[in-house]
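Here chain A shows up in two complexes: once beside chain B, once beside chain C.
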Partner chain A sequence: MTKYAVETSDLCRDFKVRQVKGESKKSTVHALDNANIQIKEGELFGLLGPNGAGKTTLIKILCTLLLPSSGTAKVMGHDVNTECQEIRQKINMVSGGETSGYGLLTVRENLWMFSQFYGMPSKLAKRRIDNMLEIMDLSDKKDAKVRTLSTGQRQKANMIRGFITDPDLIFLDEPTLGLDVNASRLIRDFIHKWMKDKPSRTVLLTTHYMAEAEELCDRVAIIDNGKVLACDTTNNLKKLISKESALKLQIKQITDVKSFESIPGVRNFAFHHDATTGTTDLKFILEDEAIVADIVAEVPKCGSKIISVEKTEPTLEDVFVALVGRGLHEG
Partner chain B sequence: MKFEENYEKPSWAVMNLRTAFGRAYPRIIGVNREPSWVFFDTFFPILSIAAYIYVYTALQAPPQYLGYVVIGGAMTAYWMNVLWGMAAQLYWEKEMGNLELYMVAPISRMAILGGMAIGGMFTSTVRAVTTILAGIYIFNITLTLEEPLMFVGIFIFTMTALYGMGMMFASMYMLWGREAWHMSNLLTEPIYLVSGFYFPVKGFQFLLGDPGFWLAVGASIIPVTLGLDGMRQCFFGPADGFLPLWVELFCLIILTVIFIILARFSLDYMENLAKKEGRLTLKWQ
Partner chain C sequence: MAMSMNRRVFKWSTWLGWQLESNWTDPFPFIIYSIAKPIAGSLILVVMYSIIAGIGGQTDVGLFHYMYVSNAFFMFVAQVLFGITWVIHDDREHYRTLKYLYISPSNFFVYMLGRTISKLLVTTFAVIITMAFGVFFLGVPLDILGVNWLLFIVVMFIGLACVMSFGLALAGISFLTAKHSMGMNEGVAGIFYMFCGVIFPISILPGWGITLAKTLPVTYWLELIRRTLGLGEGIDTALASISTVDCMLILTISTIVFAVISVGVFKLGDYVARSKGLIDMTTAY
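This part shows the complex of A and B:
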């Protein structure tokens, strides 16, 4: 029988928010809308979605920081409503851009302090800290005060904090957010290695970065407006649009891209203006390759010029555009 | 990665003791890392008691009144620590991003707050001792402990009841968010007055008659009121005491039990409410 690390059933979470400051009337925002997710033990599972999609809300519910409005959620077989203590013994979490700890303490002291909240014997904690500082290439900063660390160094320290207790399930909420290429690579390698060394370990990762999800995750759920739109392996997700064509077009910058949307046969499209190069990148999911000519013909009508055209194999980003109807960075 | 060895999950008690020690650590160690606090936390409190000492001296008040001021001045350190270092602390931890990590950890919230209390007591004790030493060596006040055992009992139960109350406040402040700041301000000066930090609370009776007595009874809900009065009696005898010493000790034991129980339940209740309303991790509210 498959053992699930996470199981949610029709999970909903609503927030009441004031629409206008000072006004007493509140409206309801559905942060999660009947979300159904099953994560197997030993799986590296990715949650992909734009800002406000509900990823962090889901993680907070699973971490026992937030109660669901309705539906059920189980973590390592325990109910998030009634068995928080059992869940907390088996999990840990790390968020991108996290500023935890105390600036006056050194990196080593901070990590030791957090290890004590899980009852780790002090000597063992210190050995593990030294070991992990080395793996994370942070040994030379072990006696530096936390407040003196750079963003990347701080995030590496956060990762150590989360992993030091060797949880059965770890929640990583955009762990590489704002990091440079090297730091991101180190963190991704670490996650990969941690999973490989003990097959029962489970990771739930949220990310903005498609490549990261594609590289790391066994399965990915695409979430938008609180709804899980698709959930499968990256290969299977790509198959969802394999019969369709993905077209990338770079043109001279234009402000109005609406006319592309109305071309018959365009299933979805996303765009990105790059002010520094003065270009607009257009990404299309097409029902038929024959439509490429119509799109190319539309460019001069908009007063622009084609810089490059590229027909691509479907990527996770294309799947995202096809399902969500916009690119991940369009908000 | 394979960890070289695993560890057996410790018992609930050991885990929470380690937590309390872990949380106390930054407060104790932080003191050494920022020596400027020594000046602010020792010099300024001396100034505030100096004013009262000069007034009482000018009025030719009985000498024990100078002692009352010094003991009251020493206890302000603990009251300030309870308000700003305990009650408001969970709110600050939320702003700093630590609160959700505390909440995710499999430990009692009381252990975290207990650790804060131990760490806070350390710095407050340094401040209190400095105030007393200043009283003795700068203002030439004679302090003779007449009831040492009762003093120890009263001090211990005043501290546990006081910090128990701080823990109870901490859970409320967690929900109030920014209001916590105002609440701490509101509870500073008025409590100095009604708890008799710089005069014996029995003074209310002389001044206001029966309503004054009941005012002091009401103020006794705050453990520092009876604690202060008891400690003063231990040094200077019962002449200006509000209630007999043993009654005050008994009341403090009762207050300790009540506040610890209330803290326990209010922490659970508030955590649950905060999880329901989504306020546990939302910053800047």
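This part shows the complex of A and C:
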């Protein structure tokens, strides 16, 4: 029988928010809308979605920081509503892009303290902290006050905090956000190795970076507006659009891209303006390759010029555009 | 297993509290600050008393002793109430560690207790300095050999448990408030300051004020401290008719009642915060 590290059933989470500051009337935002996800033990599972898709909300519910509005969620077989303590023995979490930690304490003191809040025996905690500091290339900063660390170093320290307790399941919420290429690579390699060292370990990773999801994840769920749109291995997700064509077009920057949407046969498209190069990148998912000519013909009508045209093999990003209807970095 | 875990959490949260209290500067300036602050507070009291005595023609020096002792020990109330709630705001918004502590298997009560103990230690030092300054420089007639120290320790133990209970309840409410609503703590501390016989005897309050004062355990705690130390005794005629044993009884029972209520309030605050997603709220205040 398959053992699930995470199992959600019709999970919903609504938030009441004021649309306008000071206004008394509140509207309801469905941050999670009947989300059904099953993550097997030993899986490295990715959640992909734009800002506000519901990724962090899902992680918060699973780590017992937030209660669901309805539906059920089980973590390592325990209900998030009623069995928090059992769940907390087995999990940990790291959020990227934030500078958490007691700035007055040294890196080692911070890590030591958290290890003690997880009840780790002293010798084991010391050994793991030293080992992780070495792996994360932070040994020379062990006695530095956290407030003196760079953002990347703080993020590495935060990663160590999450991993020293050797959780059965770890939630990584955008762990490489804001990190440079080398630091991101280091963290990805570490996650890989950590999973390999003990196959029963499970990771739930949210990321903005498609390449990261493709490289790391066994399976990926694409989530938008609180709904899980698709969930499978990256290869199987790509097969979803294998009959369709992906076209990349770089043109001189234009402001209005609406006319491309209405070309018959364009299933979905995403765009990205690059102010530094003065170009606009367009990505199309086409029902038929024959439409390429229509798209190319539309460019001069918009008052622009083609810089490059490229037909690509479907990538995870194409799947995302096809399902969500916009790129990951669009609002 | 749970006991050993709680011991660890208590030990290291106390250590953390102490580090955050003391580690912001070098030891020498910290010692100077720790001594100068309570002395400055004592001198403010002298000024306040001089004005009250001047305006009201008050010549009873017993009133000064009453004020002095009450204010010195009220530091525990103020520091614990501010401190324990500040832990929530500071960990959540400044250090961004609250969510990581919250999802750890440690008992959050024990963590809060540990953080509060460090506040108590710092405050104890301040109270000792204040009392010593009063005895040596302001003529506060503390007869150390005449004090019933056993009773004093028992009174302190129960009173601090009571104050910590209040703090815990406010911590539960602090889960739901933004950083700038520290006014809530100041308001509660202000009520105690006004109605518990800190700055003046409760007997000068209007009838409803005396009734309110007599429902607050801090009133009995401060009265018992004054009685055990033999300072400012008999000044408060509203409490003079209550025997020391009865005061102890009222303090003990009300502490138990407030402790039960506080645990309930804390758990409710925790539940509502988790429902509303406020555990890791940041307000960019």
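One rule holds for everything that comes next: the second predicted complex is superposed on the first by the 331 of 331 C-alpha atoms of A that agree within 3 Å, B and C clash if a C-alpha of one lies under 4 Å from a C-alpha of the other, contacts with A are read in each partner's own complex, and residues count from 1 in each chain.
Assume contacts are C-beta pairs under 8 Å (C-beta built on N, C-alpha and C of every residue); 3 or more make two chains touch, one makes a residue touch a chain.
No experiment lies behind these values; they were computed from the predicted model shown.
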item: Clash or fit (per the criteria above) of chain B with chain C on chain A; value: clash
item: Which superposed partner A:85 touches (first chain B, second chain C, both, neither); value: both
item: First, second, both or neither for A:193, with chain B first and chain C second; value: first
item: Contacts of A:26 with chain B and chain C, given as first, second, both or neither; value: neither
item: Partner chain in contact with A:67 - chain B first, chain C second, else both or neither; value: both
item: First (chain B), second (chain C), both or neither touched by A:311; value: neither
item: Broader residue contact with chain A after superposition on the shared chain, chain B or chain C; value: B
item: Partner chain(s) touched by A:272 [first = chain B, second = chain C, both, neither]; value: neither
item: Which superposed partner A:124 touches (first chain B, second chain C, both, neither); value: first
item: Touched partner set for A:98, first chain B, second chain C, both or neither; value: both
item: Contact residues of chain A, present in both the chain B and the chain C interface; value: 15, 60, 63-67, 85, 88-89, 91-93, 98-102, 104-105, 109, 112-114, 116-119, 161
item: Chain C - residues contacting chain A, complex; value: 4-5, 8-9, 11-13, 15-16, 19-20, 23-24, 95-97, 99-106, 111, 274-275, 277, 279-280
item: Footprint of chain A on chain B - complex, ascending; value: 1-7, 9-10, 14-15, 18-19, 21-23, 25-26, 29-30, 33-34, 96-98, 100-107, 112, 272, 275-276, 278, 280-281
item: Of chain A, residues touching chain B in the complex; value: 15, 60, 63-67, 85, 88-89, 91-93, 98-102, 104-105, 109, 112-122, 124, 127-128, 131-132, 135, 145, 161, 166, 190, 193-194, 197-198
item: Parts of chain A lying in touch with chain C, wherever the complex brings them together; value: 15, 57, 60, 63-67, 85, 88-89, 91-93, 95, 98-105, 109, 112-114, 116-119, 161
